[in-house]
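After this come two complexes, each holding chain A, first together with chain B and then together with chain C.
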Partner chain A sequence: MPLKPMSVQPTQKQTTLRVAASQGDIEKPYLDACERVLAEGVRESDWLKAHRREGIERFKAYGFPHRRVEAWKFTDLRPKMKEQFNLVRGQETPQHVVVTPFDETPSYRLFINDGVFESALSSVPKQNGVEIVTLRQSGQDLPAWVKDQLVSTASLSSGPMLELGTALMRDGLFIYIAEGTVLDRPLHVIFQTTSETAQYHTRLSIVLEKGVEATLLESHVSANGQASFHNQATQIQLGEGAILRHISVEATHKENLHVTSLNARLAQSASYTAMSAVSGGALVRTEAKIMLEGAGARTNLSGVYMLVETQHCDHTIVIDHAAPNCTSRQVYQGVLTESARGVFQGKVVVAKGAGGTDAHQLSRALLLSDKAEADAKPELEIYADDVKCSHGATIGELDREALFYLRARGIPLGQAKSLLIEAFLDDVVEGAADEVLSAPIKNHISNWLKEHEAQIIQEGHRP
Partner chain B sequence: MLEIKNLHVEIGGKEILKGLTLSIKAGEVHAIMGPNGSGKSTLSYVLSGREGYEVTQGDVTYYGERLVDMLPEDRAAKGIFLAFQYPLEIPGVTTMNFLRTAYNAQAKARGDDELDAASFLRLVREKADLLKVSSDMLKRPLNVGFSGGEKKRNEILQMALFEPKLAILDETDSGLDIDALKLVADGVNALRAPDRSMLVITHYQRLLDYIVPDFVHVLAGGRIIKSGGKELALELERDGYESIVSSAA
Partner chain C sequence: MVAVQDTIKDVHALDVDKYKYGFVTDIESDKAPKGLNPDIIRFISAKKNDPEWMLELRLKAYERWLEMEEPTWAKVNYDPIDFQDIHYYAAPKSDADRPDSLDDVDPELLRTYEKLGIPLVEQALLAGVKNVAVDAVFDSVSVVTTFKENLAEAGVIFCPISEALQTHPELVKKYLGSVVPMADNFYATLNSAVFTDGSFVYIPEGVRCPMELSTYFRINEANTGQFERTLIIAEKGSYVSYLEGCTAPMRDENQLHAAVVELIAMEDAEIKYSTVQNWYPGDSEGKGGIYNFVTKRGDCRGANSKISWTQVETGSAVTWKYPSCILRGDNSVGEFYSIAITNNHQQADTGTKMIHLGKNTRSRIISKGISAGQAQSTYRGLVNIHPKAASARNYTQCDSLLIGDKCGAHTVPYIESRSPSAVVEHEATTSKLSEEQLFYCRQRGLSEEESVALLVNGFCRDVLQQLPMEFAVEAQKLVSISLEGSVG
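Take a look at the complex of A and B:
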């Protein structure tokens, strides 16, 4: 549908500001928690304790992100961090397992409750070539490849939230798939929040060796209606020609805070396709850094978001074209009503020598109310010749002519709006996944529209 | 069934209809002709409930019910159908999905049974064949990439499916070549019925060779300045609007 174009000036050379050591009152309870975790000396090796210590020290130096930090320009996390979130200590298998959009999709379920892996609720693939390690079970003696993943996460995703996570992570799920391994089903990692007003910090890491093809589904759900805080770090490493499809749904309670630091490294001709659907959370932010390190690597990132009330969703993405002939696509589309806010910051960096780069980014937002807001900041930083880069951003409202046409055919206003919104969002989903994987997301969108029809209608009741 | 009395309509503070009066009985076909800017499309939009049209004076009743404050979707469910001059293109919504959603929304509003996908498909196929609407068109997004003729045939297909009591055809002949025009007119004529009235809005007399009206009205300056039988259309074609507008003034 036609949207009003919004002109966006690409900015060159953004320098990252680091706000040093503003250890204020906000950080103190978190730092105290870090020290407690370390002092209590849970069954962990000295190596892991030292790793946590480094995290604490670096978090101290950063402090919680300030809006003066470019990457956090549109998302003010600090006030949210004033809330006292409990660091969940014990481990109890939840009484109630929440439904996820992928329950009908055959998969290996890897269930994480309040940040801790629950083997009783999981179905781990048992086959040669697949290794799955958790921090809690193997913390005393981590395999070398897990340590490598922790170290590379620390160096590649460094930032205040990652460092805080290193210090406070309760558990972590590390997946390794060896060359020549064929998984018969997708892996489905479910993060469920059960404890009230909890904070939990998690790690998810997946390594696909040369030529491995896998699908990773990720669901975030809440078993309660309380605010909680999930600080997640995801590390993805793809060997030569490896293919990963990664589809995630954030459907937690609307009080939830969920911050993700994602890093993906792609070797030659590897392919990483990621699609996310965000309808939950009070503040949901994914900061992704995709590193195209080998020639001919490809990444296709897309997302849809559906926000009401004062929900806030932020996608901040950096794609590093470090090798020649790599391709990247970013398509983010969302619908916002009431006082919701959507943020898209997409940056493409093309290194010297990365000729033949093909990079495209698009951000489109539909605003259904006067108070909703969308911010788009695409950036290009190009140091190579012979590149094809483009970006586009539109922010608009539903096409009134189209709405009238549908209503003149007897389709009531709410249903007419839903039909147009669904078409707008499904377009992204269909472009990112095959029918088997797109169907659960499309159902999720359709259910969301039915549940929120009153909020979608808002204004426009006059004939 | 339709009574328009001294209707005054403004758009953005500008008066477009200035005291239009028109009465249509069940089963009658009325043609409204008039020069550009006379208010023809405004009349079709105000009857179908498009926003932004303010009725400042007069009234419209449809089967005794006041129409002006009624939502467009309610008017549709009560049998008012507008065949658009420029049917909207809606990417991402397939024609079939749109037709079924609309059909069932109207049925639901009237308290009738909704149709499942299979029964609806049978109904559509039967009507679509007459209008040469292919199954490929039905699978495509609504009107996206349709030719002018395909769009108009799709409009008449909807009219055939929804079986309205009052069909308003807004410049249905525009953009059609003679073969397409015949096809569309045949489709419309097949829908003529004792309980179905039609309001055919057109600039040219050509369409009325195929859809022969019972009454012809000339709209100029926001009012009907002359009414007559089908021969009035021929008179207009021969003498032009100018002579009638000046003789009526």
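Take a look at the complex of A and C:
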């Protein structure tokens, strides 16, 4: 695996902020839990123990993020972290398996319950060239490439949440697909929360060697109505010309906290397409860093979110154009009603020498109520001259004329609004995936609209 | 070795030539000792003959300033500033007895103005014919103010702020610090403590100011911070257009400038504030140049009021400037038109804040950033829509142009909306100078530099059009001068 371990050096600015954050009581229970995990992990290799120790030390240095940390400006995690979450062992097989949007799509199911892989509920592809390893099952003998992935994740996505995850993860799923392998079906990773008020920290890592093409589906669902906390780290590594389509749906209970640190590295001409739909969770944040390391690499990121009550969804994305002639696209659109809040922070960095860069970014939000809030910070940081970069952001309400047109033709208000919202969101979905993969997402959107029609009509309608 | 020396000399000569306003006038100045402490503030206050409340305000600001930290969030790098190594007060000798006519003015000063291209002598002769009043500020103290009678007839007050403190203390006391509070930010607080001069403008109800008001600022003494404070009040239904332009002599050591500008527009009033900033940007190695940390803010206090900022920023080594509008009154309008040109080692972090509080408030932001050489230019802006700002509207466009592969252009917009009926739109693009267009111009016999100047002027057109006539011509020339040596 061509991996260069990188050292983790928080910048000077973070250092000063750390002092301001000062170790509070909020971190204490988590640090205690870290020590317990370390003490209990008898079967773990010394290497992993040392790795966890490093995670603890770095987390201590960071503390939980607060609003004065620029990347967390619009999302305050600290109050949420005050809740006591149990560190579950995840040893019992769940009583029932929740429905996911991709149940109709033929796929290899990889089932993760409370952060632990359940082989009994999974259908692992048995094929040469595909390796699937879990942290728990491999115990003392961690393959070298899994170690590489762990180290690389730590160095590339370092941040308080990732470090906490390193210290507290119970399990992790590592997928490796060798050159020349063709998977006949998508991989479908299901994260289910079964235990009440649980916290679980997970790893998902996928490596595609040169020329491999694969599809990764990801569902997040919950089997109970209690608040849980899922801290996820995803690492994606694409070899030369490899293609990954990554489609995820966050549909957990509305009390859930879900924080993801995603990191993708793309070699020459590799392509990474990601599409996410968020309708669940109390606070859902995805912090993605896409590194276009090889010339001609392409990435296409998109997302839709539909939020009610006090739901909060945050997409924070950094696309690093480190090589010439790379292309990146970002399209994020969402609808917010009641007191929901949608955040989009997208940053495109074009390094010196990354000529021929083509980067585009778009963020659009619909506000349907007086209390909803949308924040956008589309950032460009450009150090090369031969570039084509642009971004656009709009925030507004539903088009009144379109609404009037539909109403004038006898369509009831709720239905008219739903139609317009559906068109607004489907636009993104259709642009991101083919029919087979976009159909489940479109169904998900349409079901959501049916369920929430009341909330859509009642709020914020102005004559 | 001799050859090397010659080369250095040649290069130096070139640099000096390039900056045509780079000269130093030798006038003995009345300076406060270096450093900042309560005694210096009392000294400044006594020099300015401040009322008691002003001194108290200054001392309070100083105390707050001591507790504050220098902001580090802007994308600019510079050597740390030693605030104790600066003279906080410098005034030309002639402060004590102001001249009655131009004959009494120090001839050295007059020559300086002539070099700057302000035909003061002519203006005095042609008074009443040419319609521009110049309140020329020379190193913190206003020396000559013209056209006062004309303005007085209309009821307009246009004078140095230190004079306003004597003649209209009640107005100054009422409005000073009401838009930019005393402890607003690090540099504004410093300014509150030590400001020495600036302009004061008061337009009474229903008056349309009969002429464009303008002030030329000039930093002259080495190691002297320039701390201007400008306050413009437009009463109900009035209109004023204010021009501010600056040049500074060449210096090796960095000079600090921390100005504060406050605008207040009452019901139906309109203020148009235009700036051409052409201070010494440092030489082509990035040595020297002005540090420009400015707080500018306008308050649309009344319904249907309008504040429009237009700026052409070509000078200064470091620029840190965010002219903002607080749209408090219903139907009020805020505008921001900006050109920021950075060349060589210049750094500019500039933009605006539009805070929508009232109903049907509108704002428009047009920002054009041009980077050449090894310069870094950043647009940083905020559009905030309050929940009560029903049907608010914002349109933002920020375009960046890159000339050469060693410079950088960055865009950092913050958009926050809490009103469902508001419409917020933001667009930004970054691209390089079109080679096709350049080729087209070259083919028609224009030199490379002329071609670049033409294309860049085209790129900035939307903003240049907003400038008053007098400035538009000057600004176009400035755009060309600023980019000299950036291609080829």
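Keep in mind that, in the parts below, the second predicted complex is superposed on the first by the 435 of 463 C-alpha atoms of A that agree within 3 Å, B and C clash if a C-alpha of one lies under 4 Å from a C-alpha of the other, contacts with A are read in each partner's own complex, and residues count from 1 in each chain.
Assume contacts are C-beta pairs under 8 Å (C-beta built on N, C-alpha and C of every residue); 3 or more make two chains touch, one makes a residue touch a chain.
Small disclaimer: the values here were computed from a predicted structure and weren't measured.
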item: Chain A residues touched by each partner, larger count belonging to chain B or chain C; value: C
item: Partner chain in contact with A:369 - chain B first, chain C second, else both or neither; value: second
item: Touched partner set for A:415, first chain B, second chain C, both or neither; value: first
item: Residues on chain A lying within both footprints (that of chain B and that of chain C); value: 460, 462
item: List of chain A residues in touch with chain B within their complex; value: 1, 399-402, 404-413, 415-416, 419-420, 422-424, 426-427, 460, 462-463
item: Residue numbers on chain A that touch chain C, as the complex places them; value: 13, 70, 352-353, 355, 365, 367-397, 460, 462
item: Footprint of chain A on chain B - complex, ascending; value: 48-51, 68-73, 75-77, 81-82, 84, 87-88, 90-93, 98, 101-103, 105-106, 109, 141, 158, 162
item: Of chain C, residues touching chain A in the complex; value: 72-73, 385, 387, 390, 400, 402-432
